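Labels run A, B, C and D following the written order; every chain starts at residue 1.
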Amino acid sequence: MNSIQNIQQVLNLQIRLFIPRFQLREFLTVYNTLSERCFNACARDYTTSTLTKDEGSCVSQCIDKQMLVNRRFMLVFAEQAPKALFKQGEQSPTEAIKSAKPEQTPASQTTETPTTMSIISEHGFRIDGRRPAQIRNINTRLGLNRNAEGSCYLEHGNTKVLCAVYGPYEGKASKRLEDRCAIVCQYSTTTFSGLERKNRPRGDRKSTEISRLLEKAFESVILTESFPRSQIDIFCEVIQGDGSNLAACVNATSLALADAGIPMKGIASAATCGIVDAKPIVDLTSREETDLLPRVTVSGFSSIILLLHSKFQLATICGRDEVILVELQNRLHIDHLSVVMDAAKATCADVYECLAVVAQQHLKACAPILGH
Amino acid sequence: MSIEISGPPLVSPWMMLTMSDARNDIDKDKIVIPGQAVCDAPQQFMRGHGTYIRDGEIVSSLSGVVQQLNRLLMVKTIKQRYAGEVGDVVVARVVEVQAKRWKCDVSSRLHANLPLGSVLLPGGDFRRKDVEDEEKMSEFLKNGELICAEVQQVQHDGTLMLHTRNNKYGKLQQGILIKVPPHLIKKSKKHFHTLPYGMAVIIGCNGNVWVTPALPETTVEEDGSHVHEFQIVPQDIRLVMIRVAACVRLLRDYSISIFLNSLTTCYEMSQPYDIKELSEQETSSRLAYLITARLLQELQQQK
Amino acid sequence: MEVHISDDEKLFLIHGVEQDIRNDGRACADFRPMILERGVLSGTNGSCRVQLGQTTDVLAGIKLELEAYDPIAEKQPKQPMSFHVDFSANASSQFAGKGGDQYGEELSAAFQVAYSRSLDIIPNLSKTQLAAGYRWKIHVDISVLQWAGSVPDACSLAIIGALSDLEIPEVDVTPDDGGKVSIVLKRPRIGGDVRDEEVPVAMWKLIVTSCPMLLTVSKIGTANLVDCSPEEECCIRSQLLIGVAKNLESTPESDDANEYDITCVKQHGGGLLEMESIDDMTKLATRTAKGLYEAIGNRLNTEEKRKPGHSFLL
Amino acid sequence: MNIFANIPFMKYLSFLLLLFTFFVILFIIFVSRMPTIRSNLSIPLTHLNRIDDVRMETDDVEKRSATAFRPLCVKCGVFGAQDGSGYAEFGNTRVLAQITGPEGDGKWEEAYAKVTITLKGVENETKVAELRADMTSSLSAVIFVNKYPGKVIDIEVTVLSDDGGVLSTAITAVTLALAHSGIEHMGLTASAHVTLRQNGDYITDPSTSEAEDAIGGVTFAFVPNLGQTTCVNLYGRIPLKATSPLLEFARQRAIALVPAIHKAVVNSVKERK
């Protein structure tokens, strides 16, 4: 029985070791971004080793500024959330307050209709404290759906997407293709995913269009000739949508396909990119998406499909510049196009790094113990 | 009948095992994901299965382990849907009765075919199959029934041709079927294991594990047809079968490969626990630890 | 949702169930291990995720809506909750497209009936009726992410979890000129220099200890079962969806009989039932509900507060 | 009222008159126990035979005894051409059921028949889903589905007017349609809708106005010759110990309906000859 006891200790040790690591990592990421930003902003005089007087004050100012930005963001969020509870037509409580007793908010930046200017503050930070070229952090878990061959849960900031891959299996005769594998895609969002409650999760024009986009994109990624007459089903469910839903779906699908062990040319990664007064900003949240700025989603692999939509989404394979899906929403000035494409492709490369690490770790984990 | 609802495990038990030392057997191999270059000097190697050429480089198209056979580079997938090989023993379910053949689901890319010609009819001998047999096909094997068969041939598009020309193959009677990802099934010569506790296990290569009571052979009538009496399985054999089934599920949850030795170790180690507890999270994680430790020890001793 | 198994397997399973041993070792009245997590979706007013036996995975999200209604037309006040169950295609490829809609509508209708009298079951639900023809509408949406049998039970636990997580803002409705009404969010008075905007809005919560629960009791052979796995669902003779609610007026030590009310019974899935088995099944449902109420009670109290960035489903 | 007045043999007539009055009195005694059968059909359905009864006007529940149904009219086989059709009317709730099938529709290949219900005349969407679910379950329990492999039996239920108890009226209409269609099934289903009041007394087959102050009710359908239930649809908030007496009372009421249904089926067979 003592073997069970010491295994017990090993187990608890592992757990005790693991939790602080989680918290440590969390704290470190916050600390690093803060110190990196303040150092760039304030450290100027390298002649002496100690901090000069004004550098010291600049650093403390910079930290306060950062804290203020975060608090301001919380405030705006608190103001936005109740507005989201009521239909556009309804008079939401906050508007009631505004109309009931109009009062001046002294030096606060948040005016009623956020102009594009307020997307990036003068210090180059966005509403949620990110730099224009910085992506939100990605958490993923692979292989959680037991019925599906491959499945992936991906959290890109607040956007949470669940994707399942079934197949290749012998599907209905109507969808069967003689020479290659038929890919069936369905993109659906839960009714509580957006800020407003939708009464139909799928089947509306927008989700059918996105399903078709995903189908076309992944037909060029998967080596379909190796499975004639069979069918692969790809189902994406957006559990909570906070911007760049299509990009998150492409990333989740490519991870799920890798988990399912389906032969592919590579892991497709996707990113959205918008443009604000000629400066590209990447990985847009729903708050930045609702404004009028053009957005591009690019998912890169081989053929470029340029569809004119406002959001520019681009997906590339392994970060190289083979583009498999481009979706542009709103009008975009022609010479901005190249700027936005490059920014999006660069971000795709970063996203690819994250996806590659996750896929490799998962494969190592699910290899059978004592398998060979 | 106490019910308790717990919160999510802080770290999924499956992840705990991967961080433990039981997994150091994997690290030395080179794991690749699709789109990753397989080797640095592409000239000296020949391109094998699971790779393709992209601007002069050999790149993997599968997520799996790189294997080198003197100059041939291959990528063997870790996790994939079952692709049959000749000689595999599979447990399949009849999906459709067609003219002169049965279509069976082997959870592979396409349904497998079991031609009427390669089946051992109740008559016992290989007599010519005539028209009358064709009408009685669904009487012999109807939709939804389980069979155990061997892969005779793999066609070009991946469909498997099965045969049951042996009395250990054929229709399966009472028992429990557990679906397991096929990559967890360890390659072994024997697939039929009769365990001493009065029951038998068939480990199909396509990931279907069939646990059945080792009942005395159903009495064979003089005309050779199996008498199909429904014997009620005695309670003690049933409990043993359910414990083995729970062990297979435990091995599947912790992706420990399934073969006779791992099954028997798991069965013995699960004795002190109630069958119901095997599916609960903390008992199963503790058990999984013990099993991997024991199996690794045995591996060291053999080396 | 059909899972095909052969007659011999069904026979083996039915004999086992009649000896009170199921294929996964449970007795007839046992549940598979359950996991419940609340507050998982920041975009909703209340959310909860329930996992039953590591395979059935259900996510409930609640959104509030301020609804104007005509008080004269509705003599009897309508209960504010509306239910919608949706089967995501992730659960199985049979739910793709319109596959899961019919079963989803059936379940939504069953929950609507089970909660039809919730105005007098849940003590402070009537507080959602604001003055002068305004009330809170509670949209309860459930998305089934993984399917492995006994979805109604998992959904009822998810609904109770989500309702307990629901925060409803305190609002007072003051009639304005011209028939319009101004709705003001109440904010607790805190002195000091804190501006009116920064004070968080006062929220109130529902008391969910007596919330109705919809349980599935299935009949296989002569045995009554709870929480059936897909294979068992192939062999059932018939199924009863029974809505059970705790009766708050009853004193705790009073015997089982009048401690529970039945809010809904539906025979589901074809098949015939004798009168006595309907009585046994309702009694089994109340016993299970008693266990579930206790289990979910201490789970909701002991649930630890997690830091906001915590991501679930990991 | 008597239409035999002009028969030539006068004395024979008086004897017949005596017999007839004796029969009417017997009938009235019998009917008081039997549910009151009356029909004032507003829709002109051809050759719909009506069973007249003297006490048909008493409509609201105070005068109507707690165990009496609303005036009902049941007809098996309404349209000649349709495979199977049935009509049931309880008070102002009128439901028409038509069956098409069993016919192969190419898509359905399972080894048993598929029973589909299409509902018309009900707007509330959740009500449609609920009715469809209960009826599909109660019908696929009764029809021998594996006798029609690969076939689809479609039952179209039209609710002409709804004054409470739609589900039990619909089940009666569909049973009659089933009897008329010749599809093999286990037996006629008798169904009743009963509500329970706060003070514990029951109302049989209440209209919506009568069921207002009820704390709950049950639609109970069962197959008399098997003694087993096909549909138990209980709603409202009923204490646990009050459920089984309620179900028992509903069963009695359903049994009381059986003769009326038998009579309708027998009449339809007589007509066809």
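The rule is simple: a residue touches a chain if its C-beta (ideal position, glycine included) is under 8 Å from a C-beta of that chain, and two chains touch if they have at least 3 such contacts.
In UniProt terms the chains read A = Putative exosome complex component RRP41; B = CRE-EXOS-2 protein; C = Ribosomal RNA-processing protein 42; D = CRE-EXOS-4.2 protein.
What you see is a predicted model; the values in this text were computed from it and never measured.
Undergrad: Give me the fewest steps it takes to get from subunit B to subunit C if each step has to go to a chain it touches.
TA: 1
Undergrad: Measuring centre to centre with C-alpha atoms, which chain is farthest from subunit C?
TA: Between subunit C and the rest, the longest centre separation is with B.
Undergrad: As a quick test, compute the distance in whole Å between the mean CA positions of subunit A and subunit B.
TA: A distance of 38 Å separates the two centres.
Undergrad: Could you tell me the distance, in whole angstrom, between the mean C-alpha positions of subunit A and subunit C?
TA: 31
Undergrad: Any idea how many Å lie between the Cα centroids of subunit A and subunit D?
TA: Whole-Å distance between the two chain centres: 59.
Undergrad: Going through subunit B residue by residue, note those that touch at least 2 other chains and give them in order.
TA: 12, 143
Undergrad: Out of subunit D, which residues touch more than one other chain, so two or more?
TA: Residue numbers touching two or more other chains: none in subunit D.
Undergrad: Where in subunit A do residues touch two or more other chains at once?
TA: 141, in rising order.
Undergrad: Go through the chains and record each pair that touches.
TA: A-B, A-C, B-C, C-D
Undergrad: Hey, which residues of subunit A end up touching subunit C in the complex?
TA: Residues in contact with subunit C: 26, 75, 78-79, 82, 84-87, 90-91, 93-94, 96-97, 99-100, 105, 139, 141, 144-148, 151, 153, 155, 158, 160, 162-164, 166, 171, 184, 186, 188, 190-195, 197, 199, 201, 233, 235, 237, 239-240, 242.
Undergrad: Contact residues on subunit A for subunit B in the complex?
TA: 3-4, 7-8, 10-11, 14-15, 18-19, 141, 149-150, 167-170, 223, 227-230, 258-267, 317-318, 356, 359-360, 363-371
Undergrad: Applying the document's contact rule, which stretches of subunit C touch subunit A when the two form their complex?
TA: Contact set of subunit C toward subunit A: 41-45, 47, 54-55, 59, 61-66, 84, 86, 88-93, 96-97, 139, 141, 143, 145-148, 169, 171, 180, 182-185, 197-198, 200-201, 307, 309, 311, 313-314.
Undergrad: What residues on subunit C touch subunit B, complex-wise?
TA: Residues in contact with subunit B: 4-9, 11-12, 15-16, 19, 21-27, 29-37, 51, 53-54, 157, 287-288, 291-292, 294-296, 299, 303-304, 312, 314.
Undergrad: With touch defined as at the start, can you tell me which subunit B residues reach subunit A in the complex?
TA: 10-12, 14-20, 22-23, 25-27, 31, 33-36, 50, 52, 54, 59, 61-65, 77-81, 107, 109-111, 157-158, 183-184, 186, 254-257, 262, 285-286, 289-290, 292-293, 295-296, 299
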